[in-house]
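The letters A, B and C name the chains in turn, as written, and every chain counts its residues from 1.
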Amino acid sequence: MAHEYIPIFIFLAVAGAFPIVTLIAAKLVRPESPFKEKLLPYECGIDPVSDARGRYTVRFYIVAILFVLFDVETVFLFPWAVRFRQLGMFGLAEMVVFLALLIVGYIWVWKKGALEWI
Amino acid sequence: MATTLVSQHAHLEPAAGGLLTLSLGPQHPSTHGVLRLMLEMDGENVVSIKPEIGFLHTGIEKSAESKTYHQVITLTDRIDYLCPMTNNLAFVLATEKLLALEPPPRAMYLRILLNELTRLNSHLVWLGTHALDLGAVTMMLYCFREREEILKLFEAVSGQRMMTSYFRVGGVSIEPPLPFYERAKRFLGYFPDRVDEYETLLTKNRIWLDRTKGIAAMSAKDAIAWGVSGPTLRASGVALDLRKTNPYAGYDKFEFDVPTRTEGDVYARYLVRVAEMRESVKIAKQALEGMPEGPVKANAPHIVMPDRERMKTEMEALIYHFKIVTEGFRVPAGEVFQAIESPRGIMGYYIVSDGTSHPMRMHVRTPSFVNLQALPKMCEGRLISDLVACIGSIDIVLGEIDR
Amino acid sequence: MPSTAQILDWLTIAKPYIIMGLVVAVWPLVSGYIVLMERKVMADMQVRLGPMRVGPHGLLQPIADALKLLIKEDIIPARVDKWVFWFAPVIPVLTALTAFAVLPFSQRYFVAELNVGVIFILAMTSIGVLGIMLGGWASNSSYPLLGALRSTAQLVSYEVAMGFAVVAAVMVAGSLDMVNIVKHQQASGVWFIFYQPIGFFIYLVAAMAETNRAPFDMPEAESELVAGFMTEYSGFRWALYFLAEYSNIFVVCSIATTLFFGGWLRPFPNVAWLNFLDWAPAVMLVGVGAGCLYLAGKQLSAANKIGMGVLGAAIIAVGLAFGVPMVIDYVSGPFWFLFKVAVMIYMFMWARFTFPRYRYDQLMQLGWKWMIPLGMANLLVTGVLILVKMQYWSAK
């Protein structure tokens, strides 16, 4: 079983080598003439006035949390989907229950306004 | 240099309450020039907007004081580089008012024809860039395809594509070449089909509707209170179009409607401008068909430059030419304000003459400048994407704001 | 002297590595040509010509672009988080390229056949998000940060919808193995898109969002966020992001091809009287080659004439080789696979040049309030239909 993954790991190494080799190659041929203004962060041609890492909206966290919930759920669905034909009616009932629980939560989240952006 | 910039603008201090201060512009793809907007952002929401202008200041109003009236015409092109003819017209009309000079009817018709073409030109650039701001890349190329034809027409009459300087006090500079009328007619013939084409891409497009409907709405009351004019005002339901209400340059002889909407949002502004393009075609067609025969310059030898031909054969014409070129013509003392309907709104030229051949003072009331100040009113509390849509929809030209 | 059997044996062992080498060596060039294709398609839709200067019809443009990017100065702003900034663009390239490992270009050509191939690809594309997030964060500048936040939220949201669409297709196939999924389609004689039209629709929308393509190109919406998370990147580091983006497009289109369009199978693989379709690759290539030869005559400079002519001749030669019955068996798989992927990519481009961009909140709402419920409903309906069909067949 595991030997199927050997090419993948080698592939990972080769794929990893590609950007590194090209970056090194680029380093050898490219010019370098930095000066203070060039190294400023881009803010439409004006000096940045505040630190970029300020506060940002909490909605992004909500999305992240919802994502974790739903993504884990889809991961649970995969093995079920593969075995669906063997499980038959029982499998469908199981999944309806599983999804129902989730849908209740989903509706709650919707009603609470977590899916709104403005 | 960088640090001095910040200290010069002490009012632009970091936002309180941990909001993200973001500078949108001057070097930004969707501010339509070098406009800078200081934003305070809460996530994607724009809490406050402070427009900062002046990056394109050219000092045209001041330069005008040291130029003769004819020379100022070339400056007015640069005020709003998307509709040079409109600027020419406003200035020329103002000067003619001071001189009490009436241009011949053919010149009036030519002016109106070219003015409406200019309006089309300006609206096409607006539509293209506005759609581009909202991500519809292809629209821009389609609009510029038609604009190219208009620019070629401008080149045919004036030798210049953008900075035309074609109008003169007392008429227009020369009679356009004959093929011009033919080409203009052909263009006006197929242009409405092209507008249909734009509309198929946008008007009922679900995403376009989502992006523009109900966005940055402004009520008629607010719009009037903020001095907004042009299509932006008409989209809010006020049918103020100087071509209808205070006809100038002979617009009263033409049949056309003033399209209005009542919603006042980005979509309404889009619809109004698209409808205006169709109206402009109507006016331009009437101008072409009803074009009277006759000279294109008024019979006022001390003001209007003589033709080359006459200059070479008549002593008097040569003298007038020499006088006009070297010292310009004298304009009676007095002050005048002439407003016209530019593609962006009410554009007014205020000129004070002290009786010499130079304006003593010239001031331009530009629509973009006034419309821009309503931007925070329209967009505060909205998303940054709406802000971009709104900047596009009020159709500002920075050259006009900063002058 | 090794025997033929031995050589074949070695080849079987070496095959994954040969394909691997080919992918890593050729892919950057191919992605360059996808960019050229995009520019040409865009130009065509926008009544203009597109790149025409470098080589005949701009055919050498990608090479010129790559060289230009290679010798461009790499500006690393002073306030950035150096290590993260350096490393961030490598991640998406790494994951996007690794996802190629399980793509079945044909029955024969793939690097690895995993029994969880689909999940592997989804996992790889998810990890790619990290590169965008870290890149935006490390830049320590407002626009990249906003872009990265948008991007992360968008990608994770649509990943859920994409997951649902893929699960539905997996239900029909009953396997997570990319090769097996195609074999199932061969066995049933129908592409899964006909079983899963809604699933495909959800997948398509989610895939466009996943790869930051218009109308969902929020993270790099240039009219709002200038260049999104890539704003501070320049030179080859920027090129890496670009490479990753186009690799991802290829990967999601490949998944779509595998799950919904029968992978390497030619249209109607089981219909014998349509066997002449096996000749389609040869005919198409010869046609393209002939087109090149025709255009070669119209080139102005001698160099362009020769270049275009040689290209045309080469394509015709390859096309003729594809016509040899023994070869057909080996090449028709990759040909159809790549052809279908190309059509999918063309659809992506078509959408990009036709639609305006969604607003960010609308995009999130579309994902959470439409795509995810639709995906769940699709899943349940699919389950019921499969059961009904099973009952029906067993009763018969």
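In this text, a contact is a pair of C-beta atoms (placed from the backbone, for glycine too) under 8 Å apart; a residue touches a chain by one contact, two chains touch by 3 or more.
These numbers were taken from a predicted model, which means no experiment stands behind them.
With centres computed from Cα atoms alone, the innermost chain of the structure is C.
Chain pair with the larger contact count among A-C and B-C is A-C, by C-beta pairs in contact.
Our note on geometry: subunit A versus subunit B, Cα centroid distance of 47 Å, whole angstroms.
Subunit A and subunit C have Cα centroids separated by 18 Å. With centres taken as mean Cα positions, subunit C sits 46 Å from subunit B. Across the assembly, subunit C contributes residues 142-143, 146, 149, 226, 360-361 that each touch 2 or more other chains.
Shown for subunit B are the residues in touch with two or more other chains, namely 20-23, 28, 43-44, 383.
The residues of subunit A that reach two or more other chains are 36, 40, 43-44, 48, 51-52, 56, 59-60, 117-118, listed in rising order. Residues 4-5, 7-8, 10-12, 14-20, 22-23, 25-27, 29-34, 36, 38-44, 48, 51-53, 56, 59-60, 63-64, 66-67, 70-71, 74-75, 77-78, 81-85, 88-89, 91-92, 95-96, 99, 102-103, 106, 110, 115-118 of subunit A touch subunit C in their complex. Subunit A meets subunit B in the complex at residues 36-37, 40, 43-52, 54-57, 59-60, 117-118. Against subunit A, the residues of subunit B that register as touching in their complex are 1-3, 5-6, 12-15, 18-28, 36, 38, 42-45, 382-383.
By the touch criterion given at the top, residues 16-17, 20-21, 24, 28, 69-80, 89-90, 93-94, 97-98, 100-102, 111-115, 118-120, 137, 139-146, 149, 152-153, 156-157, 159-160, 163-164, 167-168, 170-171, 174-176, 226, 231-232, 235-237, 240, 360-361, 364-365, 368-369, 372-373, 376, 379-380, 383-384, 386-387, 390 of subunit C touch subunit A in their complex. Of all the residues in subunit B, the ones that touch subunit C in their complex are 20-23, 28-30, 41, 43-44, 131-138, 141-142, 145, 201-202, 205, 207-208, 210-211, 383-386, 388.
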